[in-house]
Amino acid sequence: MSYIDKISSPYIHSLTSINEVMRQVIFALVPGIIVTTWFLGWGVLVHCVLAVCFALAFEAIMLTLRKRPLQDFMYDGSAIITGLLFALTITPFAPWWVSLSGICFAIVVAKHLYGGLGYNIFNPAMAGYAFVLICFPVELNYWPTMLNHAVAGGSGVIESLKIIFIGLPYEGLDSLSGATPLAFTKSQLNGMVMLSEFSSGPLFGSLGGKGWEWIGLAFLAGGVWLMIKGIIKWQIPLIFIFILFALSLIFHGHDPERYASSMFNLFTGGTLLAAFFIATDPVTASATPRGKIIYAAGIGLLTYIIRTWGGYPDGIAFAVLIMNAAVPFIDNVTRPDVFGKVES
Amino acid sequence: MSSEVHTRFNRELHSFPGGLELKTHKELTNSKESLRTPLPDKIILPLQQHIGSPSETIVKKGDTVLKGQKIAQASGYISVPVHASTSGKILDIGTCQSIHIKSEQVPCIIIEPDGEDAWFELEPVTDYLSIDPEILQRLIYEAGMVGMGGAGFPAHVKLNEGTATAIDTLIINGVECEPYISCDDRIIREKADYIVSGTRMLQHAIQAEHCVIAVEEDMPEAFEALNALIDDDIELVTVPARYPAGGEKQLIKVLTGKEVPAGGLPIHIGIVMHNVGTAAAAFRAVTRGEPLLSRYVTVSGNVEDPRNLQVLLGTPVEHCLEQVGYHPRDDEAVIMGGPMMGKYIHDISMPVVKTTNSILVTSGFNRSREKPCIGCGDCVDVCPAKLLPQELFAYARAKDYEEVRALHLFDCIECGCCAYVCPSNIPLVKYYREAKTDIAIYEKKQAGYEHARHRFEARSERLDRIENRVDDRFDKIKTLSTDQDPVEEDKQSYIRAAVERMKQKKNKKKD
Amino acid sequence: MLGVLIILLLALIRGFLISRSPETTVQQGKFEDILSALPQTQCGKCNYSGCQPYAEAIVRGEADINQCPPGGETTIKTIAKLLGRQVKPLNPENGLEKDKHIALIDETLCIGCVKCIKACPVDAILGAAKQMHSVLAEECTGCELCVAPCPMDCISMQAVTG
Amino acid sequence: MEGFFLVLISSALVNNIVVSHVIGTDPALVATQRRDVAYGISTIMLILLPLTTVIATATTQFILIPLQLQYLQTLVFVILIIMIVYGLRLWSRLWSGPFGKSGSEMFLPLAGVNVTVLGTLLLNQQQDNNLFYSFIFGLGTAIGFALMLALLTAINTRVEMADVPAPLKGPSITLITLGLISMAFLGFSGLIK
């Protein structure tokens, strides 16, 4: 190989880079983080910091073990995003070791065993989350109640640190925590309570769960900004949202007492976070035009199925993981026809 | 203005998939008058400036040649002659560095100009619209005409194939989609009459029913220049400035909505395309008898006075750069061709050839390090051939050529859109080129295997046959005598003697 | 008792079906493909007498896939893919992969013994007894089989460029 | 009708033979290294499983139970499977059979001797399905199996090209992938009781 072979056309470049893309995504997450912190207490921020630190640490360890250049990959920001997304999906009351084990699983197993950035089949943050959800269901079940967010016992910085590093004060737990609106709805519906009997309760706001609607809107804002900047494409978020919306509309219309409304489905839980930040992860999403549509529709469908009939209150993590597993197959069967394809 | 023309001919424009909107930088050069480049000290004429087989020299070292004299003849159907671009002495017939599809070193003829620029005897043909199309094709072939847009496909082949099939449309391509390049723009503005007449001539040569000249929408002056000259027989169309709208298949899609079959040629759907430069040069070749000796070259980028030059073929790149004030710098590279598809040249003594449309001095090649593909799919969105660049890349790197082929690697036009947008800075086109080369080598090897196997099997069969016959003979001999085979013994003794003789010889040599 | 009878009956039917069933395995269908992936030098470096016996040995599972030095990495990859096995490096015991070489006869030393002609598997050497021999460069596969038989050691392997 | 879908979805997705019951893991590991093997085995399973479950259920109900020979069940099933496999083979050789010209019958022995088929039969017996549901169960299981093979094969081709640490290349990373997929499929738990 002579020197000439190393330089190849084109000689100009759009000047976008992975680092730039990742930085924009992190910026877009900021409003969501702020609003989530506002409603769920300082624990969110503490977990964000924790998870990002763990993520960077594991990334560095794995890169060193695999003898890959640290400076190339440490600054690409992908580990930071994994950390942030993980922190935003777990409850702020979760103990610190949940973050540790979840991030460890995410970075080590889901990402680096497959070869690191660009090669992972599964979304690291969601793999980590599903892992802790299966291993520590109890710890992940306590969520801060939204009833009196500003003055809630768990919302001070010191209190949050205490909860995360020492544990939840088990006396007076009920005043601090409660189920998420999704989990509450599920348990009520399973108990054959009609939706109309509890949907005007204190957990519910005008659009979705009380407070959750604002969190959702903040992520929506960040996502729309990313779409305008051209960082993420419209297909995946919009089709995912559309399918979820349409399915819940059909079933809600069919039986409003048994199935929650479309708005409730969209603005509660991690729907909008997942739509704009998780499902759009380029590495694990389909890359072909038709594949993107199938992938997004699949996540919407599975999310609705698991939420409505499955055992978990919010199925997004599992839906994303299942569709991640299907992506290589989808990509294979949705290869676009080449320009000037000859009909044989 | 352009809408008027659209309605006049009712040509509905289509769009091709993918593509990019690039900053064109054409304002650097497109408003400046082109200059004739003075004679260089040395003219280097590679024998292969086109796609196909190299031409064969018909002159000797030391011969004196005149401008326009044929110095190399075509060596096959897909080949063209080469002519001396100026009068002078043949300095050498050797090899030189040149831009060519496969190898860097190509045979060439080096001429030392005598400064007189004396013309060879020319044979102009004026009644070009009434003569037989085949004579026209012959004249164009004799002039060494190749596609001047960049690929360098011999022009006469396209014309010949044209008469064999019924041609619906002749497209004259003035769409210069690559940034910086403005040589087509300039040639249209300065030689509009040549182009329009040349277009009519080519239409006659292939007997096409329709004829379209396409220019880009950001060349209004060129459009006006042509518009003033054409009648209703030629359509003049402006197409949106979008890279790579000037690509053959892309332009056909834009103008007609038809897609050239994958792996096929435009001729298969009744279309022939020629560059505006080819039309002008062909006209000159026929009406004035001048073979292809010079061309418009855009010299742009980081030079003092970027502009278009009329350069004699074989002029060293260095000489062209001197005309516009070039100061070499370490972080710059000289590129032949445009920034998207051009080729980096490390030796600027390389000559300008028939396909050189631009010489570009750029510092843009210094790119940051290649990162892993994150599968963002941006490349899929911009690919004009509707391929999956990221998968092609993955399989090409893994050297899985079967899969690469299934992904239509050979439909890749190497336009560079994918590498341009790649956030991981992957030089995708480089990988594709390497894969294409490797596949060619692999296929050659495989053909060799097949051939060897065939020969081995033939030999085995023959040996079997002989053995059977020998056995028969042995049986006969055995019945006659039980002595040792005399033939065999004779052989052995002969070999022993010979070995002895040669050993002595060897020893003598050593002493 | 009844159980034993039933089992016996089933076993009988099974045996009948197996006996009637033609025997081919997955691997046997691959013989042609493997053979065409081998370089056909017939050099015997794989410890088999030629490419065909080696291909047969691979199909039978006797030989490993990394014993062909002339084919090198490409051949190993192709066979590995055909058989769904892991790619492994060439076995150095069989030789090393190198660029293509062809035989060249030093014509000043050749005594015309025809031994190399007999050794050549692809008839790439021209010549007759007591006449000087010459290698047809286009046909030579670089198997080196002609080198050893030459009594004059006048055959050398030359690298081919391009 | 509801039962039909329940059994089908349960056997195909929720209680997938490869990732929920780990019975199908072994053939999945072997077959997913190559696309044509995966395709062949999937085709065979789609025909073999419904057929064997129905025949096995019939055998149990009409022969073994009336004769009180349930203790011979496993043995009889093993022989049945081999019988059916060779029967299918003979059929495809003599009269082109159910696989047509796909050449899939090459993989019949491979499919026949693996544990997936026997496992499916025994699982089916545990659920006391009648003939019709046995058929659906066999079909669902085969669909689940084929789906998993399709996904895994596609993932494998991608992982093969990835920068996987050397010790994990090949079947080990496939096992990790399987683990992650099973984790994802846990999301279906509780869908059907």
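The chains carry the letters A, B, C and D, assigned in the order they are written, with residues numbered from 1 in each.
Simple rule for what comes next: a contact is a pair of C-beta atoms (placed from the backbone, for glycine too) under 8 Å apart; a residue touches a chain by one contact, two chains touch by 3 or more.
The model shown is predicted, which means the values in this text are computed figures rather than measured ones.
**Q** Which one of the chains is farthest from chain D, going by Cα centres?
**A** Chain B.
**Q** Find the two chains joined by the most C-beta pairs in contact, please.
**A** Result: the chain pair A-B has the most contacts.
**Q** Starting from the mean Cα coordinates of chain B and chain C, work out the distance between those two points in Å.
**A** Measuring from centre to centre gives 40 Å for this pair.
**Q** Centroid of chain A to centroid of chain C, CA atoms only: how many Å?
**A** 55
**Q** Calculate how many whole Å lie between the centre of chain A and the centre of chain B, each centre taken as the average of the chain's C-alpha atoms.
**A** 51
**Q** Residues touching two or more other chains, restricted to chain D: which are they?
**A** 158, 163
**Q** Which chain C residues reach two or more other chains?
**A** In chain C, the residues touching two or more other chains are 81.
**Q** Among the residues of chain B, which are close enough to touch at least two other chains?
**A** 372
**Q** Examine which chains touch each other and state the graph shape they make (line, ring, star, complete, other).
**A** Basically it's none of the tidy shapes, so other.
**Q** Every pair of chains that touch: which are they?
**A** Per the contact definition above, the touching pairs are A-B, A-D, B-C, B-D, C-D.
**Q** Using the touch rule from the top, collect the residues of chain C that touch chain D in their complex.
**A** 2-3, 6-7, 10-11, 13-14, 17-18, 20-22, 24-26, 29, 81, 84, 86
**Q** Using the touch definition up top, name the residues of chain B that touch chain D in the complex.
**A** Where chain B meets chain D, its residues are 372, 394-395, 397-398, 400.
**Q** Going by the contact rule at the top, pick out the chain D residues touching chain C in the complex.
**A** Per the touch definition, chain D meets chain C at residues 33-34, 37, 63, 67, 69, 72, 75-76, 79-80, 82-83, 86-87, 89-90, 93, 103, 106-107, 109-110, 169-170.
**Q** Could you please specify the touching residues of chain A with respect to chain D in the complex?
**A** The contact residues of chain A facing chain D are 66, 109-110, 112-116, 119, 121-122, 127, 130-131, 134, 302, 305-306, 309-312, 315, 317-319, 321-322, 324-326, 328-329, 331-332.
**Q** Please output the residues of chain B touching chain A within their complex, sorted ascending.
**A** Answer in residue numbers: 16-17, 22, 104, 179, 249, 253, 259-264, 333, 335, 337, 339-344, 346, 360, 362, 364-365, 367-369, 371-378, 380-381, 384-388, 390-391, 407-408, 411, 414, 416, 419-425, 427, 429-430, 433.
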